[in-house]
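Worksheet: one structure, shown below.
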């Protein structure tokens, strides 16, 4: 039997940290002994626990500790984080520590150093001289980079349950299409206004259904009115947005009438070709040929946007980054300062962006399919508030709430 | 080899009748010989075909003919419909003819008699004296009733493709959540206004999600303003509608805030009990205790409603018809004159009502789940226009379109 | 400010009882003060807490207490349960206590009396003379029945997290179609065998998709081999099961070939008529006309079955109970001794049966649609293990696992 | 009024070509006059029609003709295809003709030349010297390439309804989860065996759910036994396949037990790192470290595979093509000779591959979500047979059918 003591601090009962610790130990076949416990007697007081963890052998104990650290347990006997150099480019040392999306700290020369660029499923690279630690994807690792390995000297801070009520449900959103939609949209509008007031940025991840369902002008208006700071989308969104701007159709369907337009099946290719002829989306806007829509408002309002490629792309538009790893890098650059993400009807993009977010970023995922909300959460973006509704009706209602409230 | 000639008339090419006839013969392993064919040369001209059908034997030919008749084929050598008496109550003679939901005629004493109360999966009962034929469910059959058997003397009129464009797509709606929602809702509003102007009735089939999503006041308003003539629902809808009226909650969730109300879990049972104490929904409204909502507006505006029971009911409310066959009978009574049905987020009820409708009744099925639209169509209500959206956002938008247009 | 002390006992941390208590108080705007806390130091030791709850006024405190009692809080100052007579049939006294599906006890003359027939959303009726308490639906209440009201003298025992691993996940199943199906089915087979070995009964709730997807012979075989004790289904299941037995089709589709059978559209009505002619399902089996299938095996093996009516029924079969409240009563009778329920592809029936079950009954819900699993859980059957798969492939695999393991 | 005559040949009635022609003209507000019509009198005889199309003006007529050509109409007055040079790289001349996925011919110097590499949404590039025409994506267009423009000299051959029954339903598969699964899988196995016997290739497009649901060994076995010729997948599939081979888990879940493995959350990153250390998937197999699975069998059996990148990729594996346009090019290379495609639980990849396929390629799409089948069809791959089932149970059953039948 191997034992090791862990320590837990904070609102560990109602933030479900202590229950999850007990749960994990039992699921993994370990034993525990609570050596000290001080309960927070009132709502605002925190609790404290020291627990002796017992594993069958060193490996078993190590595996249990590995899981507990991710939940928020710290090992009180203070040890330095262990570092090991990368053997070659894009390759990691054995036993590397892979991150969660919760804010992490590593122990370097006696200090707890905050890890920069927190994301899930990355590794922590340490710059010893600058005493800095940052999350890095495997694809950016260079030979010799010092990577955190093992489990010592690592501390994770999972989010705590807010003391009051929040629409961002703490234990993950219960997925249901049977919630009062109007009040939910109102709450979302409030969050957007609050975050912008406090100087946080709002990122929109946009899927093509926004255009197909006719909600595009509402998103364009939100950009024009300054409610959005960054836009991530794919080639499909860009193409249909411009198709709508040029021809009034999306995938050939006339958005005003809902009927296939004459000759409409060619419109999305014609739209791409118009962009190619102009030399790019910006050039098309500047040429005066494109007079409205989401991409138009981005260009006109200097909103940064990242268009990422996918294997189903037609064209693609010149601004599309066709190398997916390059696209990830570009998206990362724009996440600084983002406090709220509105993911609108695009599962792939939402999972991709979710992977790049710290768990503290408020995340709203709008989709008509409850299975997609489940998938996003299964892939790690557990903090997302899932709104099961039609983006074609969601955006007009959100825009009108924003208009009312900001007046 | 057995042969028999059939005849087809009308817009049989673009109404897909002739293709389906060929299709069916080939699928069933038969052969055909087109003996006469006159094509409609212009949009408004009808076509005419006579086709010799060949089956391997009498039975095979009979089965093919059985299918073709349902598609719209007629047998030109005019023969009387065959009748056979029912051997006992709720029991049919062998070889009975089961109906489609398309208007049917039977040959009685040399005349084509229109069958009354057309529905799918019923039988045709003939009153020889009155020379009348009506669709009857098995459960209403009495010993001795004369039931149409075999395939002779029966003619079905499938709907023809309208000469212009219609939102009620002819070949059944392609199910997609990626349609322009706003223009679709506008088209639906137009249809409602048009049908009411022409004196047709509008039936709403209402599911509890209308209340849960907060859309109930919009349906109530539509009733108040006279856009609805009949309401069908279940106990659940009635209870939550009244719960909302009394306590502002639906299944305990405060619709204004979207949060569980204090003590809200009891509200639906408390609502039922208030109705029981008053002696019924009407009595509760008249007592002045209930001041709004769908049931309230039904009572206040003398709108007929049928509340049908289901095995998951709490209570139920006194107005609920707990015997399901009785509930079917009651619903049938209210279908006379109904020209448009709005099915709102309730699969079971929609399938049940769809079963009672002639295929000429315009049917709109609103649901967030595309699988439900498919199921409704698989169960025979192929004429339904499936609208894949959130009823919580659909109803406010529909109501506002109706308001705009009717001013 | 009003205060009252509550008490919590058991595995209250890892069974999420204490966190939920804190959560509820905070969500409802109350305050708390932990007056005593003894933590279970090891896996097998229980914890104990006394907490002072503070509400803004009497009503606020009462509402908070009402919620906490449902989670498992007890009020230590022992008071008798309050009783009030029912004012008239099917009507309850004001302030009645509505039940959860967790085992409940009421304080009668100084003793904690176990409530019989535990179900959710019922009331507790007390027989003072016999010192007995039972759950009763509103529809069975008679004038003068003594009903528990208020919040005093009531204790709820929510299920505790099992000390080891179980497929019946404690915090409700995470709904995903991306789980290893084979190992899950193996675990379910083990549970069935275990429960039957210990003398528990297995109930199957069967939907028509079992027949449509071709899985019916596998369920029939499971009944024949004695793995099932009771069957609940609707008219649709019964009809298609018999249609398949008589004609090899389900809704007219030949199950062997997957193609529409010649004349198949009439088969379900013909099947009903054959049953009507025989006088019932049992009579048809005994006549030798029906030679296989689920209903056949039920009759042959004296398995009790309840067929409940729904408003979309054709026919219905004579054994179908068309009054839904009567059908509920009949189902209740057969739940005694049921330890495991297998709900197979039928949402309405599953919600209805879930309403009748105590939370301690192991419940497995098989459906291809994740939204249905969510709905079942939203309606209170949170203990259900949701298996997102195709019942047409689930049943053959389950049957073959059962065969292997029971040899 | 502008008029032009079109010509239709073949099984134009039961292949729904003539009805669609009438339909399209009416939807687009045109008029028609049938000038000649010869009906195929028997099953094997073809029909012939000449129809005068009338548009309001030149543009209107042109738009109608554009649509009719895509359905299969030819313009009998034989004119050369019009060609126009590309103004610059990746840019098309105005009025370019965009392709359907049906086999197309262009008129060059008096001959109908078959277009090579038929795909949807591409353009036709003509090599005048070689008298060759090929489909090209916009991204491969070079300045000066001669591109087909306008509507003259183009003939499309839409697929005709097969004279007998086929599981590949002609009018597109009706999407339902309520089909007899077993018989459908048997029919699919038969098709695979038939196509391979005739020398056609089978392509599998594989999603990660194959591994998550535990079906991976069955696909690996199918590859080993020679039922598959090419594999397309993404980084996720490759990673989880290798994770399972190395650690027995998929996304950290132990596939044997269905429970999270100790330390399993790191396994997918560890798997990637093992591949990086070895230098690639092939190298890892050759090193003897990886002993089974789909990627293993591909390497061992020299099966070509294409792994395409997506923006949500971890790693990625060295074999992954991270540039999506490059990945499209690589997939195109492997489509020669492919007669059947099995798309397994991956929407994005299936849409992407569907875009690259001629409509004559038999396509089977297996997914648990009916909405995904609809989306694939909406994106143009209308020929796909949608099988709504759990891939975790589909693959074991398919493999066992293939084993039985091929013995």
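Letters A, B, C and D name the chains as they come in the text, with residue numbers starting at 1 for each one.
To be clear about the criterion, contacts are C-beta pairs under 8 Å (C-beta built on N, C-alpha and C of every residue); 3 or more make two chains touch, one makes a residue touch a chain.
No experiment lies behind these values; they were computed from the predicted model shown.
Peer 1: Centre to centre, using CA atoms, which chain is the farthest one from chain B?
Peer 2: A
Peer 1: If I list every residue number at the interface of chain B and chain D, are over half of them used by both copies, so same, or under half, so different?
Peer 2: Since more than half of the residue numbers are used by both chains, the interface counts as same.
Peer 1: Give, as an integer number of Å, the spacing between the C-alpha centres of chain D and chain B.
Peer 2: 37
Peer 1: Averaging only over C-alpha atoms, locate the centres of chain B and chain C and give their separation in whole Å.
Peer 2: So the centroids are 32 Å from each other.
Peer 1: By the touch rule stated above, which residues of chain D touch at least two different other chains?
Peer 2: Expected reply: 27, 165, 177-178, 259, 369, 371.
Peer 1: Which bits of chain A are touching chain D when the two form their complex?
Peer 2: Per the touch definition, chain A meets chain D at residues 27-28, 60, 62-64, 66-67, 70, 87-88, 90-92, 96, 98, 121, 137-139, 259-260, 262-263, 265-266, 268-269, 272-273, 276-277, 308-316, 322-328, 331, 348-349, 351-352, 355, 369, 371, 379.
Peer 1: Inside the complex, what are the residues of chain D that reach chain B?
Peer 2: 13-14, 16, 18-19, 22-23, 25-27, 31-34, 37, 39-43, 161, 163-165, 174-178, 370-371, 374-375, 378
Peer 1: For chain C, which residues count as touching chain D in their complex?
Peer 2: Result: residues 165, 167, 177-184, 187, 208-209, 212-215, 250-251, 253, 255-259, 368-369, 388-390, 392-394, 396-397 of chain C touch chain D.
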